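The same chain A turns up in both complexes below, where it pairs with chain B and then with chain C.
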Partner chain A sequence: MNNVHEDLTLTWTIGGFDLHFSFSVIFMTTIAALIVAIFSIVGARKLAMRPTGLQNFIEWVMDFSRYIITSNMAWEKGGKFIVLAYTLLFYIFVANMLGIPFELATETDHYVLWNSPTSDPVLTLTMAAFVIILTHIYGFRMRGAKEYFADYFRPSPILLPFKLIEEVSNFLTLGLRLFGNIFAKELVTVMIVTLAFAGTVGFVLAWIPLAPWLAFSIFLGALQAFIFAMLSMVYMAHKVESH
Partner chain B sequence: MDTMEFIADIQWGNALYQLLIFSLLLWVVSRWALKPLLGVMKKREQQVNDNLDNAEKNRVEAEEYLEQQREELKQAREETQAMIDNATKMSEQQGKEIIDNAKEEAERLKESAVADINREKEQALESVRDQVASLSVAIATKVIEKELDENEQEKLIDSYLKEVGNE
Partner chain C sequence: MAKGNGKRNLWRSSVLVSAILSSIVGSIVGGVLLGYWLDEQFDTMPLFVLIGLLMGIFAGFYGVVRAVKPFLGDDD
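Let's look at the complex of A and B:
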């Protein structure tokens, strides 16, 4: 079990600092990004006033992102974040789904080749950091320095330490929630599949827990993608809108 | 494991790559998918709004026309009714007039007939009276002529009677 997330790692040392690139994460994020990009671009290739097929689907995702934004802030302010919301939602959903059909690992060393990239904490925390930093940038830009810093002392200066802790905890919870869910999902899936190879009886019976678990995984992946996008917009709204 | 070691142990390369690819994805999706899509969606929204506005306008117009037509129909009906009423009244009046005229004419004719009759009667009487008078005068003359004797008188009366009988 410890081997689930051992990777083929490539290390690149710059100025005495090691940069680790692990093959599976890079491979899987690239695939997820490519899927999102291809779906979006193909869907938007032949734009029609009466949408059909893929365009319909893309527009539906778009409307959903718009719903996520408008349930947090005014559209005049939040409209510019639709690309962010859309990409977060779609990308994390695809990333979550990737690990569901199968997981590839090398036989001898259990190097993972194919899994959900979101089951890697570094990746999810990177996404979370990206979002949190963006909220600060936009909060600063859209409301000005005075308002931005004044927010740390509202409604009372006593709250300053809590506000600072909140920023850190937002970052950690946003990233680790996604990681925890997907990692646990993969772990349980791997356990059930391992059970299937324990013997003939296990091979026959393993489908009984596996099928509902995979169905639940789809639900979980979709839900986590929604939650991540929703929370990103909640934090964004906190920074961008005056209270 | 001290803090530095922990930090060094994080796969920064992955993080960097992830950041890069996600930013790239954001840009690509925005540039080639969402911007044109948003444009189309906005255009469609505009079109739907326009269509709805137009439909509303057309509906109002149609209602106006309908109201106008209804008004005109009502007016036409009223006019027809008035015309029919007028015609009836006029015909009644004319009929009455004709009857009145006829009655008057009849009355007049009757009166003139009566007058004629009276006049004729008068004339007839007049002529009779004249004749009687002349007859009486003639009788008187005869009487006076023949009053000399009794025989003569008798003869005279006879002759008169004869005369009367012959007449």
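Let's look at the complex of A and C:
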């Protein structure tokens, strides 16, 4: 069980560049996106004044996204980001949960078939890059070029290099935090499950660490989804609001 | 950054802690990476890495100040 996280990759060469497509990431992101889409569409299809069941749940997620935005910026400015916050929160939560009940890998080659897609750094860093690029686009569009560039020199021009470093570090930490947490979660889960197949005693006793660890994994997945959405809105507020 | 009062304090403080941690660690890593890239462009190996490291430390400090500022109370 050494190469647990080996990916089944398809390589496609275009003009000298190798494009690698990881099967598990493509497959699992599609499943996560489908789950989010189905829950959202079914939950919002028959809207009732007295919400029941799924509509209740979707409204609660929506309220939570609104809370994330309003704790960072004024609603007049941040209201348009509610769909972004909702999507990030819901999608990352579902993606983190997918790897908890079981994981699949082929027996001989250890190719991963089913896991949390957020345990792949390429996916999380891509999402972080898109969020950071979006904050710049909206900062530019909502406040104008002059205000946007003046922000790099406020309150003092000495801070310019620090602000540039901050942009790089925001991108790195936003993506790598999510990846690190979920990757560590999957690694420890797989290690405990490996322990269960080590012998009879291990098989009987493995649930003692496994049950609390899986419970903690659910907490961890929810917390990381919240932190990703919250920090995205924090960075958005830094760019969109005038200081 | 989030305002200091309000409910759900465990979740908010976890966001604050991870914002502080990541601005310390991430700024140093980001500064060193930027310095490394500049060094490779200009072929001046240790110079910009060291400058980037120092600036990363200061940028991390600046990030921490920015993150905890709403919680200090004297900011409107």
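By our rule, the second predicted complex is superposed on the first by the 241 of 243 C-alpha atoms of A that agree within 3 Å, B and C clash if a C-alpha of one lies under 4 Å from a C-alpha of the other, contacts with A are read in each partner's own complex, and residues count from 1 in each chain.
Just so it is clear, a residue touches a chain if its C-beta (ideal position, glycine included) is under 8 Å from a C-beta of that chain, and two chains touch if they have at least 3 such contacts.
Small disclaimer: the values here were computed from a predicted structure and weren't measured.
Touch criterion met: A:177 reaches chain C, while chain B stays clear of it.
When the two complexes are superposed, the chain touching more residues of chain A, out of chain B and chain C, is B. After overlaying the two complexes on the shared chain, residue contacts for A:145 are found with neither chain B nor chain C. Looking at the shared chain after the overlay, A:165 reaches chain C, while chain B stays out of its contact range.
Of the two partner chains placed by superposition, only chain C is touched by A:231; chain B is not.
Contact with chain B, but none with chain C, is seen for A:37 once the two complexes are overlaid on the shared chain.
Of the two partner chains placed by superposition, A:201 touches none, neither chain B nor chain C. Chain A uses no single residue to touch chain B in one structure and chain C in the other. By the touch rule above, chain B contacts chain A in their complex via residues 8, 10-19, 21-26, 28-30, 32-34, 36-41, 43-44, 47. If you check the complex, the residues on chain A that touch chain B are 9-12, 17-22, 25-26, 29-30, 33, 36-37, 40-41, 43-44, 47-49, 55, 58-59, 62, 82-84, 86-87, 90-91, 120, 122-123, 125-127, 130. Residues of chain C touching chain A in their complex: 1-3, 6, 8, 11-12, 14-15, 18-19, 22-23, 25-27, 29-31, 33-34, 52, 55-56, 58-60, 62-63. If you check the complex, the residues on chain A that touch chain C are 67, 71-72, 159, 161-162, 164-166, 168-170, 172-174, 177, 223, 226-227, 230-231, 234.
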